[in-house]
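Input: structures, listed below.
One chain, chain A, appears in both complexes that follow, with chain B as partner in the first and chain C in the second.
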Partner chain A sequence: MNPGYRLYYPRWYRKRVPIFWWLHKRSYAVFIARELTSVFVVYAVAVVVALVLTLNKGEPAWEAAMSRLSHPLVITAHVLVLFVILFHTITWLNLAPMAIVVKLGDRKVPPTAVLIGHYGAWFACSVVVAWLLLWR
Partner chain B sequence: MSETLTVPETVILEVFRYRPEVESEPTFDSFEVPFHPEWMILDALNYIKDDLDGSLSYRWACRMGVCGSCGMLANGQPVLTCATYLESLLPGPIRIEPLEGFPVIRDLVGDIGDFMNKLSDVKPWLIRDEEKPVEDGEYLQTPSQLADYKQYSMCINCMLCYSACPVYRLEPEFIGPAAIALAQRYNLDSRDEGAEERMDVLSQHDGIWGCTLVGECTEVCPKGVDPAGAIQRYKVSATMDYFKSLLMPRSSS
Partner chain C sequence: MKRSREPIIWVLFGGGGMASALFLPVLILVLFIALPLGWVQSAPIDDLQWLVRHPLTRLGLIVFVMLCLFHWAHRFRYTLYDGLQLSHLNEVIAVLMYGMAMVGTVVGAYLIWGVG
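Entry: the complex of A and B
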């Protein structure tokens, strides 16, 4: 018998959520990975913004920044960051058709079309950036 | 190689027990039940109740996947026990627990009052600015207008999505997947004019913005409702409304 029990007084049992709840299921772990990788997206944006600000400080500052960035350790780290951001981008874009339901007249645009549109836009932006950086 | 079809004679069910008058912490009881390929988990629970231990408490009603009362965790996965074959969880033991996120009253019975309150908060009924007189006839709807919300109207309030939602478990103030999907069911109905009223509840922090898009609600939904999609669509339309009101402050909508 449970001495704390009183007749007609309900005693609910509430399960605690463990700190590592997100390790209990693969889909939860993937979700946490997708959310955490956004930190690296912020990092990449900060690097670009810092470079733009450096441009304003004249050529010596720019050269110094460039030599820092071409250090082998920095390059290795940035390649890793690139893969992490690719994971973030792909998992994020794959969710787009869930949020965006487009209707043309009476017909619903198929989710794959929305997906292709997003990947297409991503590809087009990448081409423009690559053109600016590499061929101009 | 000989193909052997191993159909077990019996299967073990480890059932979550919580009898507040007896124990302050829950325990698990093991029951050996006969295995039949046509049996659902619910059939095994009914066998336990009828033949092994009449004190086992759980909810069920329709046995055909429409009443939404028999949702439980089977091996950690939220399922409708009347629609999940024992066979799909062989060889066992099969662990049966109450849905997560709801305080347990007894054994497999959770207190669902919180969900019931949230459900009525989102006003899941047709709201009209002005009711048409009966003589004017019914509100007509085209098949395409019906298709806009039909998916969301399939919700049976079984709360599997709440059990699968880590946000709800961590922050019980979150309105939750099914309530938002049902709000969306009425918002997308061409006969309804209550979207703005519902937005008051849903645009709050504990409304749509509480959702972080884990997506498990949609995975576990036995009716293909896609609550995660409903919430994301709601976020998009709420954002569009915000920018519209910013750009055209004088238009009333």
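Entry: the complex of A and C
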């Protein structure tokens, strides 16, 4: 039949999903929250880069930046940022054993060891960075 | 057959997730909170300047910025698809997100390399 004659063909049936579908179940909300931590990652990286540029300008600029960062509202916001990033770090590292399967010879490294290894790496990175920034 | 770009994007996303997970908490705690509040004293400013001007530090920072931006681009892309039901804008959103990550990387690299 000439398709031009078929005026009334059935439309695909698609159920309408509300925009805030993910608010109705805890695990969905956690999923979206985890996705949104990436926005905070970009914010934190931007501030780190800004601080690097300030540091390059010299001590007065650095001191001025530090005093601006010490404002109570800024500190409060940054404590919140720290908690969001910790949420990202913990959920990310906890997933590592599922994403990474390490084999030694023909034996599989147990997932717990992979997990402990990642937390160890987090600890080591933190110590090295803190040492670089604070050692005198 | 056209080769998928997905693996490259996944490596950038995963690398960014890992790099930000490992390094951002300590950077935020020390630089954003402990130093401004005077809980700790920083290394002498000359040492810090030497550190950030060192080519390896700058290179590392540029890679770090790139990975974190692509991590964001990838996650935010799927947030827009799933969270806001925008799957029909698939291509526009992908180009926009990865494009922004690329522009951010270039700007960041230019600024960071200019240090020193």
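Note that the second predicted complex is superposed on the first by the 121 of 136 C-alpha atoms of A that agree within 3 Å, B and C clash if a C-alpha of one lies under 4 Å from a C-alpha of the other, contacts with A are read in each partner's own complex, and residues count from 1 in each chain.
Note that a residue touches a chain if its C-beta (ideal position, glycine included) is under 8 Å from a C-beta of that chain, and two chains touch if they have at least 3 such contacts.
This structure is a prediction, so every number in the text was calculated from the model and none was measured.
Which partner does A:129 contact after superposing on A: first (chain B), second (chain C), both, neither?
second
If we overlay the two complexes on their shared chain A, which of chain B and chain C does A:24 touch? Say first, second, both or neither.
In the superposed model, A:24 contacts chain B only, not chain C.
For chain A, which side has the bigger count of touched residues, chain B or chain C?
Partner touching more chain A residues in the overlay: C.
Give one of first, second, both or neither to describe whether A:104 is in contact with chain B, with chain C, with both, or with none.
neither
With the two structures laid over each other on chain A, which partner does A:39 touch: chain B (first), chain C (second), both, or neither?
After superposition on chain A, A:39 lies in contact with chain C alone.
Kindly classify A:15 by the partners it touches after superposition: chain B alone (first), chain C alone (second), both, or neither?
The first partner, chain B, only.
Should A:52 be classified as contacting the first partner (chain B), the second (chain C), both, or neither?
In the superposition, A:52 touches chain C alone.
Which partner does A:73 reach: the first (chain B), the second (chain C), both, or neither?
Touch status of A:73: no partner.
If I apply the document's touch criterion, which positions on chain A are contacted by chain B in one structure and by chain C in the other?
17, 22, 35, 99
Would you tell me which residues of chain A are touching chain B in their complex?
1-2, 4-5, 7, 10-15, 17, 21-22, 24-25, 27-28, 31, 35, 95, 98-101, 106-108
Quick check on the complex: what are the chain C residues that touch chain A?
Within the complex, chain C touches chain A at residues 14, 16-18, 20-33, 35-38, 40-45, 47-49, 51-53, 61, 64-65, 68-69, 71-72, 74-76, 78-79, 82-85, 104, 108, 111-112, 115-116.
Which bits of chain A are touching chain C when the two form their complex?
17, 19, 22, 32, 35-39, 41-42, 44-45, 47-49, 51-53, 55-56, 58-59, 62, 66-67, 69-70, 74-75, 78-79, 81-82, 85-86, 88-89, 92-93, 99, 121-122, 125-126, 129-130, 132-136
Within the complex, which stretch of chain B touches chain A?
For chain B paired with chain A, touching residues are 18, 20-26, 76, 100, 103-105, 111, 142, 144, 147, 166, 169-170, 212-216, 219, 226, 228-229, 232-233, 235-236.
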